[in-house]
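Got some structures for you, see below.
The following pair of complexes shares a single chain, chain A, combined with chain B in the former and chain C in the latter.
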Partner chain A sequence: MNALPIDLALAWESLPALFDGLMVTVFLTALPLIIGLALAFPICFARMSARRALALPAEIFVVFFRGAPLLILLYLVYYGLGQIEALRNGPFWIVFGSPFGCAIVALSLNHAAYMVEVLRGSLLAVPHGIVEASEALGITRRNIFLWVRMPLALRYGLKAYQNEVVSFVKGTAIVSVVTITDLMAVANSIFEQTYDPFTPILCAAAFYWAFVNLIRVGFTVWGRWLSRHSAEDAVVAIPGRQGLGGVVVEAKVTP
Partner chain B sequence: MIPRPHAAEPAAEPAILLAQVVKRYGAHRALAGVDLQVRRGEKLVICGPSGSGKSTLIRCINALERHDAGRIVVNGIALTNDEGTVQDIRQEVGMVFQHFNLFPHLTALENCMLAPRLNRGLSKAQAEKLALAHLERVHLADQARKYPARLSGGQQQRVAIARALCMEPRILLFDEPTSALDPEMVKEVLGVIEELAASGVTMICVTHEMGFARRVADRCVFMDRGEIVEEGDAARFFEAPESERLRHFLAQILR
Partner chain C sequence: MTNLSLADLAGYLRQLGEGALITLELFFASFALAFVLGVLIGVATLARSRVIRAAWRVYASIFMGVPSLLVIFLIFYGGSAMLAAVLGEFGARIDISPFGAGVAALGIVYSAYVAELVRGAIENLPKGQFEGARALAIPPFIMWGRVILPQVMRLALPGLVNVWSFMLKETPLVSLAGLQDLVAATKIAAGATKEPFIFFVATALVFIAFSAASLWLANRLEVRLDRGQRRAPVRSPAQAEA
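And now, the complex of A and B:
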């Protein structure tokens, strides 16, 4: 047996297939991140509304989709919805008939539910006095949101958003159970063909690691740019969870 | 863009008129039926113990707090629940807060430019010219490109004054503008406010700075438990207080 647990020749041979798998993972990350975020905004506004008729459904959405394990959600969408005859014959079957469509729906709903809370927390962190100062200047509510609350919320919430994105990337690995050949599924099939558990799985891990760290670097650069108004005192490198270093973006607010 | 209303200006009409204004927080009456008239160009100082309703009073004038009963008329515009009326009044009234409430993500210059750009549709160049002119007025043109976190408390408060001036309001409200400042910075802020007072703008200032009140105020008002207890010109107000409550208050703060 080799001193290394890795068969380098097999690893080299597997690279193209693993790379294709990574592209599927990237796609299954990017699209739900966009759709989930787009869904999160209106649901967050409803959740923060003073009107119970809006806030309650939004809260139920969050409780349900945050509480439902992603794997169960995916099974329900992929296998469960297919049992409904009306859906099979309807126009939405284009989405629900394909494993990709189902995966994107399930992942988007899951991401949206988490992002509602990230967004809400960030918006609530904006000091009330700053919003009042904007009101006193006669700025409309819409403009206050666009120019004051949202830019500040982004700074307060960037770290939480980064955590959510990173754990989301790794969460996409479960799509292999509905026949999608993402990075994890490719690694698994190589394992089944060669009975070498280490090489494909460790290679896949390296690919995930590279992807996640690319995201981390992106967030770091973004965070630095956002915190340029307090560059000296607010950017603090801390050892993050999940082995991530990162910037704490703390818009310095007086007093 | 919100059209600037041109209220009719008969000389006799007060800049601000409050009639039997009541504000309740639950069972507590923060304002217990306040009557007050402020002439155009008048400088009014309001003092009183904490919880006496003085902040609530000026915050009702620009509708940061909504009054529960009574009548408020600002520059001829009666304050109602109508959002348009509120916006109209806020275009006429500038406010400076105890805790500055600058936008931490914007430079001093951008802090001043935001409202004119959003409310009056000024171009970037126009807004910048306006903002620089007002920063010059508070002697901070050389700090224009700095972020609030880089400025001292006194400088931040002067930026906040310039920011309010950029909307070219006819009425300025100051809510304890020097209470959050270190003692050595009080003077520079009061100096700027005194310079403004000479410009003919209508001013209401909640403050305990008695020297300032003597120099600047045309009239002083003493509030306690949600009512106006005593008012008079500055000299008589401090030298010969009539009510026991004001005598007691002055004895407390002048100790």
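And now, the complex of A and C:
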């Protein structure tokens, strides 16, 4: 065995296939991120509503789609929904009949559930006095939300959003179980052809690592741009997918 | 609607129960490994040495930047070759089971997150805790075991609970390496009975219930660990004067 476990010739040869896989992964990240975010807003409003009839279903949605492992959600959508006759004959079968559609539905629902909590935490972190002051100034509720609460919530919740997006990207690696050839699946198929366990998987790891860190850098730049007016950045613990990365520690008590 | 007989259901329930046991074993073993490794790495990488810090950054960056599934596959497919490289002839004869690969992969990946939490908590401890222990001539081993780490655990608990519940949701991935766990058993039952919807929803609910139960326990634990912290901070007379 040579010192380097990577077969450079094979790595070079499989680069195009891995790159195609990466593009599938990027696509399966981008679309659910958009759909999930779009779903998260109304569900978050329902979750924060004082009316029990609205809040309860939203809460159940969050508990189920956050609590269930993504792999099981994917199986549920891919295998389970096909069982429903009405759906099989309905117009939505175009979506649920294809592996891509199923993966996007499962990923979006999962992401939406996490984003509801991120959004809620961020909105609750906005000091109440600011909202009251805006109300006292006679700003309409819609404008308060759009121009006062959301911009602040975005700044408070950016770290939690970043953690969620990063773990979401890593979560997409499971879509190969429904026959989608994403980055992980391409690496696996190269392994099955060559029985080289290191080269394809380590190359895929490098691609994932680069993608994830590109996102991290993007968020850092975004965060710096958002807080370009303020010297110190306020850190608030938001219940995201993870305190992973963002360490939640108590502030030191200064007497 | 359903074409499940009661006898069938009982049979599948037994299989699912066995699968659930394997999932639980996998989860506890991986969490224990991640916890022990994480605390050791967290304490070790607080050293001032540049090399150690750089090594930590690389380690954390790699394992926080790649999917757990990829690490599971890497260890499952390549584990024997890795062991052979490290242990020589003896290692080549060890076969990597899906269970072993899963524990190793999840343990290694999540140890990075645990180490990050532990490092953050230690850095947030007042310096006086270390100085006090040194002034009392407490040996380093006892200082870490009886003074520093208990306080670190209190500070790191919310983060550890996050790691716990996130890791729980990643244990099904090991079924893709061929482990006959709860998810694999569910898939078999769902395929054989042509009732995938019910089986997958039920399995999802099992995960949710376990997660809810452990969150409840964690809250109790948090209250208990915080029992010395409930009082308002006492102002020392010297500072009150100043």
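By definition in this document, the second predicted complex is superposed on the first by the 230 of 255 C-alpha atoms of A that agree within 3 Å, B and C clash if a C-alpha of one lies under 4 Å from a C-alpha of the other, contacts with A are read in each partner's own complex, and residues count from 1 in each chain.
Rule of thumb we're sticking to: contacts are C-beta pairs under 8 Å (C-beta built on N, C-alpha and C of every residue); 3 or more make two chains touch, one makes a residue touch a chain.
Note that the coordinates shown come from a computational prediction; the quantities given were computed from them, not determined experimentally.
Asks: Tell me which partner A:98 touches in the superposition: chain B (first), chain C (second), both or neither.
Replies: It touches nothing on chain B or chain C.
Asks: Contact-wise, after the overlay, does A:181 reach chain B, chain C, both or neither (first, second, both, neither)?
Replies: A:181 contacts neither chain B nor chain C.
Asks: According to the stated criteria, A:129 is in contact with first (chain B), second (chain C), both, or neither; which is it?
Replies: A:129 sits against chain B, while chain C stays out of touch.
Asks: Identify the partner contact of A:229: answer first if only chain B is touched, second if only chain C is, both if each is, neither if none is.
Replies: It touches chain B, and chain C stays clear.
Asks: Kindly classify A:194 by the partners it touches after superposition: chain B alone (first), chain C alone (second), both, or neither?
Replies: A:194: touches no partner chain.
Asks: Which partner, chain B or chain C, touches the larger number of chain A residues?
Replies: Touching more of chain A: C.
Asks: Go through the superposed model and pick first if A:143 touches only chain B, second if only chain C, both, or neither.
Replies: Touch partner of A:143: chain B, not chain C.
Asks: Report for A:212: first if it touches chain B alone, second if chain C alone, otherwise both or neither.
Replies: second
Asks: What is the shared patch of chain A, the residues that chain B and chain C both contact?
Replies: The answer is residues 252-253, 255 of chain A.
Asks: Once bound in the complex, which stretches of chain A touch chain B?
Replies: 127, 129-130, 132-140, 143, 147-148, 151-152, 155, 226, 228-230, 233-234, 251-255
Asks: Note which residues of chain C are touching chain A in the complex, please.
Replies: 61-62, 64-70, 73-74, 77-78, 81, 84-85, 113, 116-117, 120-121, 124, 126, 155-156, 158-159, 162-163, 166, 168-173, 175-176, 183, 186-187, 190-191, 194-197, 200-201, 203-205, 207-208, 211-212, 233-236, 239
Asks: Under the touch definition given earlier, write down the residues of chain A that touch chain C in their complex.
Replies: Going through chain A, the ones touching chain C are 1, 5, 63-64, 67-73, 75-76, 79-84, 166-167, 170-174, 177, 184, 187-188, 191, 197-198, 201-202, 204-205, 208-209, 212-213, 237, 241-245, 247-250, 252-253, 255.
Asks: Show me the residue ranges of chain B that touch chain A in the complex, using the header's touch definition.
Replies: Residues of chain B touching chain A: 2, 62, 64, 87, 90-91, 93-95, 97, 99-107, 114-115, 118-119, 147-149, 153, 156, 160, 163-164, 167, 180.
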